[in-house]
Structures are given as structure tokens and as C-alpha cells.
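Across the two complexes that follow, subunit A remains constant while its partner is subunit B and subsequently subunit C.
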Partner chain A sequence: METIKLVYPVEGGDLIEAGEASSKMKLTLKKLGLPQDVIRRASICMYEGEINMVIHADGGEAQVEVDSDQILIRMIDSGPGIPNVQQAMQEGFSTADSTARELGFGAGMGLPNMKRYSDEMTIDTVVGTGTTVTVKIKIPQ
Partner chain B sequence: MAMRHSVVLDSRRCRGCTSCIKGCPTEAIRVRGRKATILPDRCIDCGQCIRICPHKAIKSVGDQLDILSQFQYCVALPEPALYGQFHNLDNIDIVLNALLKIGFHKVFEVAKAAEMISDYERQCICSGPPDVTPQISSSCPTVLRLIRMRFPKLLPHVACTILPMELAAILARREAVAETGLPPEQIGVFAIVPCSSKVTAARVSEGLQEPVLDGAFAIRDIYLRLLSPMKHLEHIEPMTSSGIMGLGWASCGGESSARLRERCVAVDGVSNVIRMLEEIEDGRLPEADFLELSACTQGCVGGCFAVENPYAAKMRIKSLMKGQPVSRNRFTLEGAEREIVRRDKELQYLPAFVLDQDLGAALNKQLRIQELESHLPGLHCGSCGAPSCHAFAEDVVLGRATVDDCIFKVRERMRSMAGKEEADDYLPPPFRRQQHETSRR
Partner chain C sequence: MLLSEIKEILNATVLWGEEHLDREVVSACGSDFMSDVLAYVKNQPVLLTGLVNPQVIRTADMMEMCCIIFVRGKVPSQDMINLAKDRDIVIMTCPKRMYEACGLLYYNGLRGNCDGND
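And then the complex of A and B:
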């Protein structure tokens, strides 16, 4: 089965530019003719992941794999890690600093949204080493 | 139905310079055999290429005025942007009276229909919130095509109303039938439009199954013909029925301000429009109620058929608003008649960018595109006739070009045939490892 791989670097420290990777991915997904709803969910997940990486981890990398069954998005960073994943998954819980909050981010909806809009989500995190959030979006056959 | 674009190439003037290919927001132009060619499925009639072409080889053609002779009775539907084209014009009636001297029997202002549409929209706003927000204006045909092609998810956001010139055409024909007793087909109804996309829309409507106009003339073509009769009017019959709101539709922001209470965003210029649609698609502007999107700078006054620059035209229209009532027209139709302001066909998705209808095949093509693109220089030089290396890779995979159309790929092959790894001579200057004496001179 054909699998295409897309890699997007996510620059740290620039909340204004966050979202670029998801825009670029969306353009490719549209060209593949995927269902609108799948594209929408994938780009929401990617966008939330980008914001998280910018706020908490000084950037990272987004890797996307698409085959005819699913879209797999890996948001990989080498940031501080998440000490308590269960807590981080609660809506409204955020450790974002005041700068991010002043810009309207850090509402504590990032990870919950990624969970809501994906079919599967896993978080691999090691405190002090980094975090990889993987989401899977199934393509209806 | 096949698209009938109004943007055409004058191949005698085109030198194949590639200036146009990069300015096209939908990457719809390729240069082949020293001439620009337009991929008709991708063209949205925005007119960017017309503005960019240094040789004036890309044009848009409106209808020719002599088609008036095919009709017993002709009605002109001037778009409000027309009024902004004239120096020192202080009375719209001068323009309208002059239209009667160049072959039209009657004038029905598009601004009047625009006010009716605004009133209809206000009535809708009062009757409750729409199913989806933000609502997106349906008044720019280029934007409609863009959404159909690139933002299908947003189609349900597009307002249900037809173009003001279309409503004007329907009403003008009715009035003319009532006044003359002629059968409707002997009445010619013609819009005077600021842009190529409205010429196309007069032929193939985005929202109506059957076109309601008999043609559309470019403002530029009508302008010169009007100048002399405007100077020599013996009597100026009061004719205008547009208020401030209707005139406002000529520039971006006018349609929004006629909606009164809503939070509106007015965006002009096709690249800004694309950016805004991307944000809306991602749900990043939840507080907006309405989006007014104009493909041209400053709105219709910036259309490629305008004579005057858009900023000056906007200023003039503003000064024509002075002393006018806010609005002179209401939408008073009742019952089933109210439907005439609405589209009678759905806006369909136009998958012009999809690589293949079959997902497996599309993935395979995308894979090949990425593979090829990774070996292209990324200079986007345009020598292959495509706007970017990515577009070129797509063209190769979709069979519209071959790899050897890339001058860098050819030079690369020549270098390897010469057998010299370091033979910089085969590389163009941006890729040479050392700056040559010759290139420094």
C-alpha cells in the first residue's frame, strides 16, 4: 500500500506563525481528494499540536503519514515532557505561561481537542527528554 | 457544462515571458511553445494575469456593443463601480442619461438591486441566526469559484442570494415586458461590469440554472462612448434610484455596512481572500457573523475593466453619496416571489486540484510528486513553464510535462555525461560552488 510521508518543522517561540504546518498539510490532503471531514479533523489536531509544541517545547517536528486507511500525525518535540498526562488531558488544565495566555492561548483545550477530533491518540512522554503525541484519523472506506 | 471563460490570450502579443504564471492564485497558467496557456478547469477569472502581463497579451473580453441590434428593446444595468470612473462627476443622472444616448432604451441600476438584496439579508438576519456562521457573501463570482475549487467545506457558509446584477436583470426584464408589451426574448438586458468574472457570470451563472442576462459589457469599453454624450446632454432626466448603501457595494466594505448590526469582516485582494478563507476553514474567526470577500483590490472599483485606479474611484463614489438617502429600495416581494433573490441551484464542489478520484492512485501520484520535487532545484525559475517546482512536479506526474522540461535536470545530465563531478560550467549561477570570473564582471 502506498504511504506518503510529510515532514514539517515547527519553529519554536513564534505563536503567530503556528498553524503553518497544518495549512500546508491541508493543501496536500485536499489534493488527495480526502473527505472534507477527515481533512478538517486532521488539521485541527495538527494545529493544536503545533500550538502545544510552540508554547511548551520551543518547537519540534510534525510527521504525517497518509495511506488509504488512515492519517497518522506525530508531533515530536524534545521539550520538558508532561509530568502528569492524566491531568494534562483534563479540559481547562494548562501550564502555559502568561505570555501565551495573553495571546489567547493556553485555554487547556489542546490535548482534549486532539483526542476529540482523532480516532486514536497516544502520548509518549519522558520528563526532561520530550514528548511525542500521535493521533490517528481513520479514512472511511 | 464547460466553463466559458472571458479571460483570453492574444497570442500575437504573448512572448512567453512567464510573468503571469506566478501571479495566478490557482496556478492555472503554463507557458508552452512560447505562449501562455490557461488551464480552463482551474481559472477563476480573477484577472490577476491581466494586471500582471507586461505585454498586455492577456485580456478579458466583454460583449461587443453591436449585439444591441439583435434586440427590440435594450436595458443597461450599470454596476455602481461605473460611477467612480469619471472626473468631476457630481450627478449620477448624467451617466444614466448618457447611457440612453448610446443605444440603450432604459437603465436599471445594479445598485438598486444591491439595496434590495441588502434589505432581504437584513430581513433574514432579523428572523433568526443562520444555520452556519460566518455567512460568506455571494456577490463576487471569482470568490464563489475559488470556494468551489479550494474550500468546499465552506460551501454551506455562502449566502443564498444571487448577484445584484442578476436580480437587476430579472426585475428589469419584467418591467420592460410590462412597459413595452414585447415578448421577454426581444428584450436585451446587459450589465456594465468592472471585471472579467462578471462577464463570465453573465454567460454561465454560478447560482442560476439559466442565465438571466443577454450579455455584459466591460466598463472600459463603455467609458469612452459615454464621455461625449455626457458632455452634450440637453436635458438631464432624474433617473437614479440608488442610495448610499447601493453605491457602497462598489467597494469592499459596502455590502457589509448595509447589514447594519452584524460583526462583518471585509477582505479585498485575492491573496488576502485566500488567507481569510483558510482561517475560516480552520474555525479561527468564531466571532465574525459575515465575511465580505472581494477578489479585486478595494472591491469592484478595482476590477480589471476599471479605467480609474481603485482608490480614486472609491473616493469619487463616496462624494457621490453626499446628500443621498441611506437606502431607497426595499425588498417587498412576498410569498413564492421572494425566491427570485435566491440561487436555484446548489454550489457544487469543483475538484480541479484533486490528483485522482481514486485515493490509492492519488497517493501514488503524490508520492511520485514528492520524490521528483525533492530532486528539483526549488528556484521556481519558471523556465519549465510552471509557476513553481512543485507545480512542475505535479505537471510531470499528471502527464502535462516531462522531466527534461526542467533546464536544471538537463544540465545535471550534461554534467554527468561530461564526467566531471566539479564541472560547475553546466550549472546556472545560483548553483555554482564558486563564483566565476565571468559572472562577477
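And then the complex of A and C:
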């Protein structure tokens, strides 16, 4: 399979609408005929990343690359960055505000969930500049 | 268990998807925290929740769920119902509280499909 590249803008500030990019990606992955479990894991990773972007970084961009071996998702934002990545990776740690909690998020599960559902995950972050979270989901051959 | 049986057990009202009540499900989960649904749900196609906002529909969509039941008589907006329709997710509302609704379904054979350890 030739590498397929997809780009989805993620609007900031509107948590009600967050998740639209993930839905579109999921639909595209279904059309590609990928295994259901792979689609599910990739969709959850991107959805969590999208919610994080809207809550913490006023949006950003999701870049997705699909080839025969894996799905690579990069969630790129120009937000405030993560001062302590180790702390942010702890389940239950959250700096989300009450708006996020009212919508059922902000439980400190976003990044841990992305790690749980991916095969590899890296976080590149610079305080005051932004964050890129990259996840890989392998496609069983 | 068929969705039609769930409707009867919970005395629920179907807000969308009456024609899909012949869907058969083997497990369910209940939560008001979508983060927990994303973290812990594994192949549970029915979600019971008291939370009412579009992210409930989107979360259920990501988890490949086929039915959402709003407890405590909560009624989603028409926009939410339209979103669920677009995602092919049956929507019901029931007057019972979460504990009682989950308990009744469990008592009637609809399990959680998890061991509670993860």
C-alpha cells in the first residue's frame, strides 16, 4: 500500500464540537478496509489527542499517515507545552478546567489512554512553544 | 439480550432507532465519565449514562457502541439525536437512576463482560 497522508485541522475553544476530525479519520480508515481493532485503537488515540488539544492548546493539527504496516498519528499544537511530562502521564493527573469535567473529560486519562491504545508513543514538548504527541498503531499482517 | 428487551426492562422510551431494536447485545457498561469509558470499556456495545452532551455520542461512536441509554429521565437535544442517527446509534431514555438501571439489566442477564480488575 502506498502511504496515505491525511491532515485534519482541530478547532480550538469549542469542546462541544471536538471529535469531528477523529470521526472523519475513522470513516477513512473503514473505507481502507483496515482491521476493526486497529481502527478502534487509532480512533480512540486521535479522539483523546483532539480533546486534549481543544482543552489545553486552543486547537492545532492532526496529521495521519497510513501504510501497510502502521498508522502514524501526529497531534501538533502551539499551546503552552507540558512542564512535567512524567506527571502528565500519570493516570488521574489533570489540569483541565470545570468545562472539560462537565463534558465528562478532565479525569487525567487522555495521555495514558493514548499510550494504552497505541504501540508506540512519543511526546515532544517545549513550554511556551507547543506540543507534538505522536502515536503508532501497528497493523497485524 | 435484544435492545427491545432492554427497552421493556427499563421502561425506556426510544428517541431514535426504533427499527433497530432487534439488535442483540451481550454486555453493557455504565458511566458519567467519558474518559473512563474510553479507558476501560472493552466490547461493551451499550452505554448507560446520566451525562447529556454531544461528546457522549462521539465517545460511543469511537467505542463502536450501538446503543446509549440516558438514565434519570435525561433527554438529549435534537442535535445530539441527529448525531446519533448519523452514527447509527440507538438512543433511549429511562426514568430509572443509574444504579437501578444497571442492576436490573445485570439481574436479567446482561453482564459487564469484564472481571473488574482492569
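Following the convention adopted for this analysis, the second predicted complex is superposed on the first by the 140 of 141 C-alpha atoms of A that agree within 3 Å, B and C clash if a C-alpha of one lies under 4 Å from a C-alpha of the other, contacts with A are read in each partner's own complex, and residues count from 1 in each chain.
In the analysis below, a residue touches a chain if its C-beta (ideal position, glycine included) is under 8 Å from a C-beta of that chain, and two chains touch if they have at least 3 such contacts.
All figures in this text were calculated on a predicted structure; none of them were measured in a lab.
In the superposition on chain A, A:S43 makes contact with both subunit B and subunit C. When the two structures are aligned on the shared chain, A:I139 is found in touch with subunit B, with no touch to subunit C.
After overlaying the two complexes on the shared chain, residue contacts for A:G19 are found with subunit B and with subunit C alike. Once chain A of one complex is fitted onto chain A of the other, the partner contacts of A:V66 are limited to subunit B, with no touch recorded for subunit C. Legend: residue contacts after superposition of the two complexes on their common chain; A:D77 is shown touching neither subunit B nor subunit C. Touch criterion met: A:R116 reaches subunit C, while subunit B stays clear of it. Subunit A residues in contact with subunit B (one complex) as well as with subunit C (other complex) are 19, 22-23, 26, 36, 40, 43-44, 47.
The touching residues of subunit B, when paired with subunit A in their complex, are 150, 152-153, 278, 281-284, 351, 353-357, 359-360, 362-364, 366-367, 370. Taken together, the subunit C residues at the contact with subunit A in this complex read 32-39, 51, 53-56, 58-59, 61-64, 87.
Subunit A contributes residues 15-19, 22-23, 26, 36, 40, 43-44, 47-48, 51, 91, 102-110, 112-113, 116 to its touches with subunit C in the complex.
Every residue of subunit A that touches subunit B in the complex is listed here, in rising order: 1-6, 19, 22-23, 26, 28, 30-34, 36, 39-40, 43-44, 47, 66-68, 139.
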